[in-house]
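Going by the order they are written in, the chains are A, B, C and D; count residues from 1 in each one.
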Amino acid sequence: MRDDYARVRAATEALVAGLPAEDLVVQSMPDASPAKWHLAHTTWFFETFVLRPAGGGYRPFHPEFEVLFNSYYEAVGPQFSRPRRGLLSRPTGAEVLQYRAHVDAAMHELLAQDGPPWLGERVRLGLEHEQQHQELILMDLLHLYAQNPLRPALRASAAPPSSRPAPSLRWCLGPVGVREVGHAGAGFHFDNEGPRHQTLLRPYVLASRCVTNAEYAEFVADGGYRRSTLWLSDGWAQVQAEGWTAPLYWYLSEGTWWQTTLGGPRPLDPHAPVVHVSHYEADAFARWAGARLPTEFEWEALAEAAPVRGNFVESGRLHPTAAEPPPRPESQPAQLFGDVWEWTASAYLPYPGYHPPEGALGEYNGKFMSNQMVLRGGSCASPRDHLRASYRNFFPPRARWPFTGIRLTKDA
Amino acid sequence: MRDDYARVRAATEALVAGLPAEDLVVQSMPDASPAKWHLAHTTWFFETFVLRPAGGGYRPFHPEFEVLFNSYYEAVGPQFSRPRRGLLSRPTGAEVLQYRAHVDAAMHELLAQDGPPWLGERVRLGLEHEQQHQELILMDLLHLYAQNPLRPALRASAAPPSSRPAPSLRWCLGPVGVREVGHAGAGFHFDNEGPRHQTLLRPYVLASRCVTNAEYAEFVADGGYRRSTLWLSDGWAQVQAEGWTAPLYWYLSEGTWWQTTLGGPRPLDPHAPVVHVSHYEADAFARWAGARLPTEFEWEALAEAAPVRGNFVESGRLHPTAAEPPPRPESQPAQLFGDVWEWTASAYLPYPGYHPPEGALGEYNGKFMSNQMVLRGGSCASPRDHLRASYRNFFPPRARWPFTGIRLTKDA
Amino acid sequence: MRDDYARVRAATEALVAGLPAEDLVVQSMPDASPAKWHLAHTTWFFETFVLRPAGGGYRPFHPEFEVLFNSYYEAVGPQFSRPRRGLLSRPTGAEVLQYRAHVDAAMHELLAQDGPPWLGERVRLGLEHEQQHQELILMDLLHLYAQNPLRPALRASAAPPSSRPAPSLRWCLGPVGVREVGHAGAGFHFDNEGPRHQTLLRPYVLASRCVTNAEYAEFVADGGYRRSTLWLSDGWAQVQAEGWTAPLYWYLSEGTWWQTTLGGPRPLDPHAPVVHVSHYEADAFARWAGARLPTEFEWEALAEAAPVRGNFVESGRLHPTAAEPPPRPESQPAQLFGDVWEWTASAYLPYPGYHPPEGALGEYNGKFMSNQMVLRGGSCASPRDHLRASYRNFFPPRARWPFTGIRLTKDA
Amino acid sequence: MRDDYARVRAATEALVAGLPAEDLVVQSMPDASPAKWHLAHTTWFFETFVLRPAGGGYRPFHPEFEVLFNSYYEAVGPQFSRPRRGLLSRPTGAEVLQYRAHVDAAMHELLAQDGPPWLGERVRLGLEHEQQHQELILMDLLHLYAQNPLRPALRASAAPPSSRPAPSLRWCLGPVGVREVGHAGAGFHFDNEGPRHQTLLRPYVLASRCVTNAEYAEFVADGGYRRSTLWLSDGWAQVQAEGWTAPLYWYLSEGTWWQTTLGGPRPLDPHAPVVHVSHYEADAFARWAGARLPTEFEWEALAEAAPVRGNFVESGRLHPTAAEPPPRPESQPAQLFGDVWEWTASAYLPYPGYHPPEGALGEYNGKFMSNQMVLRGGSCASPRDHLRASYRNFFPPRARWPFTGIRLTKDA
């Protein structure tokens, strides 16, 4: 656990190592947070939910930080207004690193002792929480850079084109009938992945890989963004209001599509999965393609036996790439994990019998079960060991700044 | 069919008979429409989907009405902007009645002949559509009147207090296991009620009646609107942004709660079901009460066998009233139909295998399957013969101006 | 005074005689009010400022009207929210006419007696106030009709094309040096027209007539709305934000300019003065034309001796028309009164020594002396006997829905 | 000129020396800009208006900076959106300092040669421009710090309390009759200070010093912010909409007023001039006090002969302080320069005969002559040698973040 703690905490700092202080403080939109805020909030999490309740004479780093870096835990107390996080030029990035060091020292001390009974579980939650924010840091930095005509790159070497063409699409048959879903076993999982329960699956086939840029560009060229009848009503309103004509971060340069990536501007890679589409776009594309999005359980039923392999943050690409050739057996779908989070047709709702934990940590997941859609699988910005088949990510259907993509399904 | 047509069309006009022209033209918020617009749009529906395709020399009443009274059918063509419907002082209410008479005459002629094969089904859809707008007229008029310090009443005699106390709450056991849901049989139903399909029900009990004003007032008195941890995150944001402290149309007068109704201002009836609450309020109340909202299928499974009896628009009350004494057998829930639409825990999504019809009428229901929650049962403003156990109403979770209430559920 | 009272009150009602109730209730934008509201507010003025303080047992028509029809008099009490005036379907138009009759009866009785010493002056103020609202009724109805694709006309016979060409433009020399401005003499005037005081005039010439549609169309054709350097910064921001490409109510139909008028849609009359331009447009046009707008005193110095003649509401045109041939002597400007209110280069500020009257009526003019520009001369929608050379009208520089036009000036 | 250039440029950098990079990049509201942007824009000014037109092989530092750091010069070309300036994490502060060094090197070279004939005048304009931005940097930093619960200070030693009590208020008689105003003589002045011209002054007296915090606190305690009739209509609307209850940066702590300053939080200094009030508040205070604001010419006529002495940025206080004892002769007002910009009753409009210069620099002042009020005198954040009696500053009447205060006037 001490090693895990050190490793995960270091990974967060490695993401922003070498960046100018300016990149860490700006908030590019209300949905995003400054990288500095993520660095501090994940530290606040350990301070608030581990060090303070563990007692033992822990001295908080700064009395105001309890409010400044509380994200949304009403039971802990008031929060500094979310859309105003970017107004905090202080504490500086350097001070936030001191805050991290202060908490890390106390945590190392605590983890060396016989801690309270809940310690292991709580620390593990803090580390998984931190991994979620690692991905948010990457999402938010990309959004920030994309506002800047200077087109900065996080890593100039990242986001190379796919080294192989995308394999041709196959349809993989899913299991049918009453089936267990939700997390099973002893490993870590978030509360929203359980209770494990039965669901009823009807005959369906799942695409063997994600939709590619080349396929999505056909939809664009076919007037996909101008044909209202392809869209959900709220989606069409969004297309009109925001003037969407392509995925977020696509732009035309001398007649060809380019894409802003964490490796800087790149020509659109036709073989890579389309990324940075909203649920509305995913749904409209599926309708155009004569298919539909899978439910979260259709996805999970086929992913449960698959290994968690793929293009994760560890690859250093920080961008999706073409799917691998078909796995063995060929009847299994590829690219289920990594590359892009896959929008499902499922609203983010509690599983039968779900009860959030007591106390402030009950606010972690449960209170967001409204107006959001479930995504599955993880992305090129997710740490590999953070993912599993039962993992439920969720965003409002309009969100495009996560690494979100599309996998199709059909009734069998 | 001719009789049905005449009856339903006349019922719409009866709702607004005797009202001053001013009441029919004002739009009190973007979600609402002027009563005049409802009168015209329901007529447009027959003109557009029956008379025009039926051919036979029908002369449209006015060339501009195709655009003016198109609600949201993109496949038909452009629409006059929804939030600006209230800017149309012309056509006047009297002209809209002429429009209705013009279309009614053509419809009567058409219905007297051998029409096209689709005629019966399409006319039936138009009549059910008109019944939906009858309820919208009542909702929208109440919202309009509630803006006015003169506190007008639609019918001064409506909304009398409940003549009996609400029966005590019992918990009725629901069926368990794989079960068929969705519309069955030959009668009319909307496309979104099918296909009939299997679902899996876990042990649950459903409250024997809706939550009463007295019960809800306890929640209010207990600080329900000030305790963030009772609420979904989006709900709490709404409470803050809009300053909610009680259901819509409740107000305090000299220390006691009153309610604006279609019968004018009334002291809060403790026995009547609480009405005009959002999904967020229903969800927060349930959490406070140690219960939850039912899924739409938990509701439907217990309602399927129940008779469609209750307090509908035909009662003339135009307001919910206390539930009847327990039905026979006592194990069955009461008040399932009428009084208030009951918020469920189910997002409004397509049933497995659902496909909207071809053409413009495919836009009727399907494209709204996003960001909305399902309601069941019908209200005191619904026509009785418009309802059935499989009927799915839907509104965004923030909506409070429909006649919406709460029924609790628990795991068994 | 009794005759004046009867005449002015009847003139207001004549403006809307025969209109459907629907036209009187709608509020087409926050700056505009429903005609019904104008009918009631002008009545409220007599009730509040004459009948109540006169005592004598006057019984107010309705207790709520004191709030409902108070425009902005904080010293009288609270006001129903201005942008929500259109939500009041009640009192109906018919009830407002009863309100008018009730107040008129009491006023006639009062005027037949020996009233309080302030009576005559106060009634006169009420009548001048009512005349201002007569013009507002016409402005607001035109704005309402212009939202409607059915293109209603107030009077189909109004707004005929000019029967003569506009005379060629001459430059009329103004007086120079220290000069008295502001209202002089015993007649009625608003508080903001005084005190009469000295000002210093530098050599200038004033255009002999207003800018015509033909002249303004040249500015449009020359890219006037696309050349940022012609505009004040706030004006250019407005052009961008609102997408202005021509005066309000101009529209292109098959390549030629048309105009929405109170007589319905009309081809643009090249000889008539341009109307419905903002101060920003007037200023940009003047810059493009190598001229400038006059100060209010430059205008007044040349208007003081001119007769109040021109195209007023009494002509029934309800639209500007070409200027008359040069007056005698030819050195005098024409078209100073009527047709269009002429934007000046003067901010609306108090004259030296200005003090608003004591009490609520001190709010009539004084508190608006911020962020507005002065207009002079009156329009085709103003009653002739309401105008004079010292009259100061005022609107924010972005306003386009009044009957506003342009007269040019140059340094001599 | 070379010395001036070096001195002014160094003064800008000295303001932010030692600040963390985070403080320089954040934009705390659309009206404010990041300090980094000010550092770059003032540099862009020399690059665009001196180095490029001077020719001589100057190589621009970066091709994108022409757009990124153009403030509002439409004739130069497009501008990066003003409210989004805070989204530019790049160029970093360090890179902006390199940009400054690059331009400074080229400027020093150019100034060492025989430059074009316009060189001296243009460089002088650039330096005065830079001094304006020095004050903006201080205003914007204070606004930024005031958003932060950590309450940072720019200089902990700044903003000490006044070392003497404010002298008692006297009324100083102004000159009367026709009088010349506007800039005279050969020194530098902005285009908007001329042409010098005659104006007519009526008998008036000007307060001998600015309104103090103690005096303003009486207005607050007397319900000044709750009495609508003291306010201009637009001002009252602002009070309501923004919830104003005191000047910007005042706050109550345990029953006493404190103030956020560039020296950190301080108890309100009763003797210091009130600062950070809008024109609306200045106007309401004057009305409450039975006085009025001076016109800009009333102010200028008494300031013309006064020495430019007072509390400027050079004092290092960065905050207003109590006025000096009466000057000799006692009939002259004190504190005319420095401490606070004094709101006048004059709208910001062109002087008679004003024409902006040709070309892009014509946009410097002229296009803002709309919706703004004139302020005179300079503040504790202004460089002393930047000010003079004819200097016209201007802000919208709602602005409170400049160092703005109040001087009263009365008719004599």
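Note that contacts are C-beta pairs under 8 Å (C-beta built on N, C-alpha and C of every residue); 3 or more make two chains touch, one makes a residue touch a chain.
Which chain is which protein? Per UniProt: A, B, C, D = Ergothioneine biosynthesis protein EgtB.
This one's a predicted model, so the numbers in the text were calculated from it and none came from an experiment.
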Interchain contact steps from chain B to chain C (minimum; 1 if touching): 1
Distance between chain centroids, defined by C-alpha means - chain C, chain D (Å): 37
Separation of mean Cα positions, chain D and chain B [Å, integer]: 59
Per-residue overlap in chain D, given as positions that touch at least 2 other chains: none
Contacting chain pairs - touch in the sense defined above: A-B, A-D, B-C, C-D
Contact set on chain B toward chain C in their complex: 20-26, 28, 36, 64, 67-68, 80, 84, 86-94, 144, 147-150, 152
Chain A to chain B touching residues, read off their complex: 72, 74-75, 178, 197-200, 202, 228-229, 231-236, 279-280, 345-347, 349-350, 352-353, 362-363, 367-371, 397, 411
